[in-house]
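Labels run A, B, C and D following the written order; every chain starts at residue 1.
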Amino acid sequence: MKRMPQMFQRCKDDGSMALVCYLTAGYPDLGRSLEYLLAVDRAGADVIEIGVPFTDPVADGPIIQYTSDHAIRTGTRPNQVFELVRCLRAESDIPIVLMGYYNPIFAMGEGTFVTRAAEAGADGIIVADLPLEESAGMSRACRIKGLDMIQMVTRLTPPERMIIIARESTGYLYLVSRTGTTGKMTQIKPELRQLIGHTKHLAGRLPVVVGFGLSEFMQMQDLRMAGADGAIVGSALLKRMIEGVPPDKVGNYVTKLKQACGSKHH
Amino acid sequence: MKRMPQMFQRCKDDGSMALVCYLTAGYPDLGRSLEYLLAVDRAGADVIEIGVPFTDPVADGPIIQYTSDHAIRTGTRPNQVFELVRCLRAESDIPIVLMGYYNPIFAMGEGTFVTRAAEAGADGIIVADLPLEESAGMSRACRIKGLDMIQMVTRLTPPERMIIIARESTGYLYLVSRTGTTGKMTQIKPELRQLIGHTKHLAGRLPVVVGFGLSEFMQMQDLRMAGADGAIVGSALLKRMIEGVPPDKVGNYVTKLKQACGSKHH
Amino acid sequence: MSRKGRYGEYGGQYMPEILMPALQQLERVYQECKNDKLFQEELEWYHKHYGGRPTPLYYAKRLTESTGGAKIYLKREDLCHGGAHKFNNVMGQALVAKRMGKRHIIAETGAGQHGTATAMAAAVLGLEAEIFMGAEDVKRQKMNVFRMKLMGAKLHEVTTGSCTLKDAMNEALREWAASVETTYYMLGTAGGPHPYPEMVRDFQCVIGNEIRTQLKEMEGKLPDLLVACVGGGSNAIGTFYPFLKDKGVNMLGAEAAGYGIHTGVHSATLTAGTVGVLQGCKSYLLQDEDGMVKPAHSIAPGLDYPGVGPEHSYLKDIKRVVYEGITDEHALESFVTLSRQEGIIPALESAHAVWAGVNRARNMDRDQVVVITVSGRGDKDLEIVHSQGLIK
Amino acid sequence: MSRKGRYGEYGGQYMPEILMPALQQLERVYQECKNDKLFQEELEWYHKHYGGRPTPLYYAKRLTESTGGAKIYLKREDLCHGGAHKFNNVMGQALVAKRMGKRHIIAETGAGQHGTATAMAAAVLGLEAEIFMGAEDVKRQKMNVFRMKLMGAKLHEVTTGSCTLKDAMNEALREWAASVETTYYMLGTAGGPHPYPEMVRDFQCVIGNEIRTQLKEMEGKLPDLLVACVGGGSNAIGTFYPFLKDKGVNMLGAEAAGYGIHTGVHSATLTAGTVGVLQGCKSYLLQDEDGMVKPAHSIAPGLDYPGVGPEHSYLKDIKRVVYEGITDEHALESFVTLSRQEGIIPALESAHAVWAGVNRARNMDRDQVVVITVSGRGDKDLEIVHSQGLIK
């Protein structure tokens, strides 16, 4: 069995929710980026999403934009990201998902990009600006190489569309938990609880992972209660990195988050 | 006989050309203005033109504009000008001509202005912005009070118009010697010599006085040779006053100019 | 008009003799132009293809609704090429100059509006323009100076007197006197000596003529009230003149009351001035009892002039037009209101008319129509309004 | 168009899922508007009465004579209300927003042109506008910021990234994602995700449609060459589109070659770019081999963008339109030439088209006709040109 379903199965067995940690590749530089990734992995993350920096990340908030710009300036391009994946893969068996924008993929060629990602040891790909209508090519390339092509849905996605997207998505379904973009916090409100239930229902057996704006421990518990299969934390980690918090301390924070996800080990 | 024709007769007898001196009333102030007028009179001027300051002297050059603005600021209004005339008249029998713009006259009323000018002892009036077409009222008022209403002609005035203007003008005919306005020097060119001859011819018995931009002694002699009955000097005197040249020195300059006009006394 | 170049007692040709032949020549040539179909066609061609005429007559729905009275229409002279009604005048006069064979045009300018318009008209006809501008104004109006130079005009910086408009005008008249045979003097408003008031009025009448046609089409009737701002009076006379004979059409000229008439700091010539003679014509003007001309003030550079065109003096005396002073403050208020409610930033000059017009419209019936001439656009005034600190 | 929202391989809807329902709604409503006579009539009303349309097609006699070749006509979008063709787009979109019941409009702006146009359209329809503008641009473009505020728009100063256009656009898209149900996103050019390129093109086609009618009247024929500048490409597509099927009509798009294509400092997307995906659509763009978008440069603020509308990429590939890079230096030269010879100060953007058009006209026959679209007026660019020190 592949790493992704295994991981979800393990969490299920645990009675916990998967913790998905997002870090921008190459921030603050390639070497330290790897240190942070390893620390997050060791601290208990269940999935690692590695952000592929792009000059114009329209779907991301200021924190991810800042780290992306920084990483680009210090030379992080897709090939460097693959190298990072390779290094992480050498140390760990955690599911690795690349998250980025379409233009660098298009520039390299969808096939080449997916092949290299797979060879480096990635398990899946998310493309923030590639909605259903534009993702046929990437889906096919991923299928050929055995990578998950993870799609997104939001509270504005109509039910019929959500069913189709869930059918197209593999690995998990990425549920954007608020109307805005990444990086801003939000309270878990009754509507979100309903949204998760509704999405779970339409997604069938595909795990539903909730993202955008999460950082509070309380939120994790609420999400688990609402039935989410996973929660994504990104800006909250990057914010600490920007503030200079070292890898082990970021790891501690991840451990606590994972505990809030209901890990048996807490 | 009146002062003006007497003066021209005297010059004729002398074999000289009349020297008309223009000073702005009230420059640098009312008291000193009188001192300069008396000095110029004593130095040999044949006619004194007293400029009535106006805020918008469109027909005058920068020097006269400067002295007018200054005089207005120090309180020189038409009534003060009349007072100045009265003081000068008390000391001298020289023909006095008021030269100004129409608006202050209009403000006082043409009749009142002319009456007061006459009472103060003036002999004539020139209004720089009152062409033939607009001067009927002033002409009438002057005629009633026995003042000369002196009109202007220029090298652009067509012959028929010049004949009419000369007929309307009394005292003398003011020939603008160049196309521009007062205050700039010019060489006496052959065309000016022709213009003077032409004007003399059309003016009949009325004396022709040439003005605007004169200051060189050579010019005076040339004008006399060309047949002019008089020459007007204004900006050249005011320029010296602005430079701080005292009344007696300005007087010396006037004396030299009069000599250049061909006075027997040189 | 009682006699040539007169409007009642107003008007005339109070100019130095040296300029009289030029004025008479201009009068003659202009009369020819007026009656020459080819001239009129050429002017119309430039109106349509170069100037953007006809300018729209715009029903200002939101302004009307927020006012709650008569329907308010705006005559959009702000859409003329160059940004103001000045276009109508300079284009007409430049064609007259060309016909006279005078390739050198001079003009005075204060804030630079008439100067840039003159430079533009000279450029398109291939004439030379020389703009007289006071050194103080040159300093204050850098961008307008640049605009003129860009369009090939020569700048003549005037350093006499107060180094502002009045001195620039004196200097320009001197220059005209010095080169009158080859030079055309382009006057900027319906003032000065005959034939300028008549000629400029005729060239501006395109405003009123268009209003008549356009309103007929839209409302099927004549306006109940016409409103325009009055500096020298050219856009106002152009708006009013074609309707003078229409008894039912009321007219309102908005002058600049500056800080308020009672303060004495204003440009409300007709409302608060007395009759006199300035720069070529008899008319109302701001002067003291000795006939000395008083400085004018308005927040609108184009209204900041102590005189006014003679025909307005006549229309005031015969009560055909009512003139009203609008303060700087009210003009600013309308500047903001029109920008906000209609997305039209009016010239500060025009904002005077807007205030006056809206104020009247408020007390009129809903089936009545007020037409306000927006003489120009306000881009030129942004710095002035900005410095007032109204908008943070 | 091979499939919905596609021009050959170009176009598409490369947007986050969160915005897809809004784009689909927009697409639906826009199709309704397109076929709704009442909508089209209302738009036409605003064109005519508010915007000053039709804008003139002006035969530039002096420019033609000094060039010595084809007859040069200028399409005068500089006379539109607001001073540029932007009017056509914002007015159309604002009416669409109103129809959708969205009273809150957001827009990004760089130098402030699209921001002020948006503020204007919002003002006249009584909608709220919120303009996203980089903090650096806010500092550089004080007067445009003031203009927007004056017309009641809210300024959203963006302090992320380089604090310029790109960051403003990112932030505006974020804001749109956060409030998409109540907010209308007003895109400034014929780019971005479907249906924007199609919708903006349709709104700008009034330019080409008017050229067709006007030239027919004046010359009795179609133009031999159409020329327009290409930033995002809206004024150019509006000029070209109505003639695409007319074989004899050649078309030339003038891009910004900045310091020169060889220097790499330019915005010549079509001439020197490669295919990629940026801000919603597939098109040519300036990028490195890793797909990172490169900064653009042009002396013309409105051309300073690394992408271009997708339809132009298609028209380039099928060779229906030729695209050419014009340097800053040549644009400046035409800026001065047109000002001097015709009294028309063009926008720096438009000056690119003027240079390209005049250059072609020189080698064409005297009975041929070149139409150059003057997309806007140059008053906004005076400071930039002034700082170049060309005119003393």
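As a convention for this text, contacts are C-beta pairs under 8 Å (C-beta built on N, C-alpha and C of every residue); 3 or more make two chains touch, one makes a residue touch a chain.
It should be emphasised that the depicted structure is a prediction, and the values quoted were computed from it without experimental measurement.
Shared contacts of subunit B and subunit D, meaning chains that touch the two of them, come down to C.
Set against the C-alpha centre of subunit D, every other chain centre is closer than that of B. With centres defined as mean CA coordinates, subunit C is found 38 Å away from subunit B.
Separating the CA-averaged centres of subunit A and subunit C is a span of 67 Å.
Each chain gets a centre from the mean of its Cα atoms; for subunit A and subunit B, those two points are 98 Å apart. Contacts between chains trace an open chain of neighbours here, each touching only the next in line. Taken together, the chains touch in the following pairs: A-D, B-C, C-D.
Against subunit D, the residues of subunit A that register as touching in their complex are 54-59, 61-62, 65-66, 69, 72, 77-79, 102-108, 128-134, 151-154, 156-158, 161, 165, 176, 178-181.
Contact residues of subunit C toward subunit D in the complex are 48-52, 55-59, 62, 76, 79, 81, 83, 119-124, 126, 142-143, 146-147, 149-152, 336, 339-345, 379, 382-383, 385-386, 391-392. Contact residues on subunit C toward subunit B in their complex (touch as defined above): 12-18, 20-22, 160-161, 166-167, 169-170, 173-174, 177-181, 275-280, 282, 287, 289-293.
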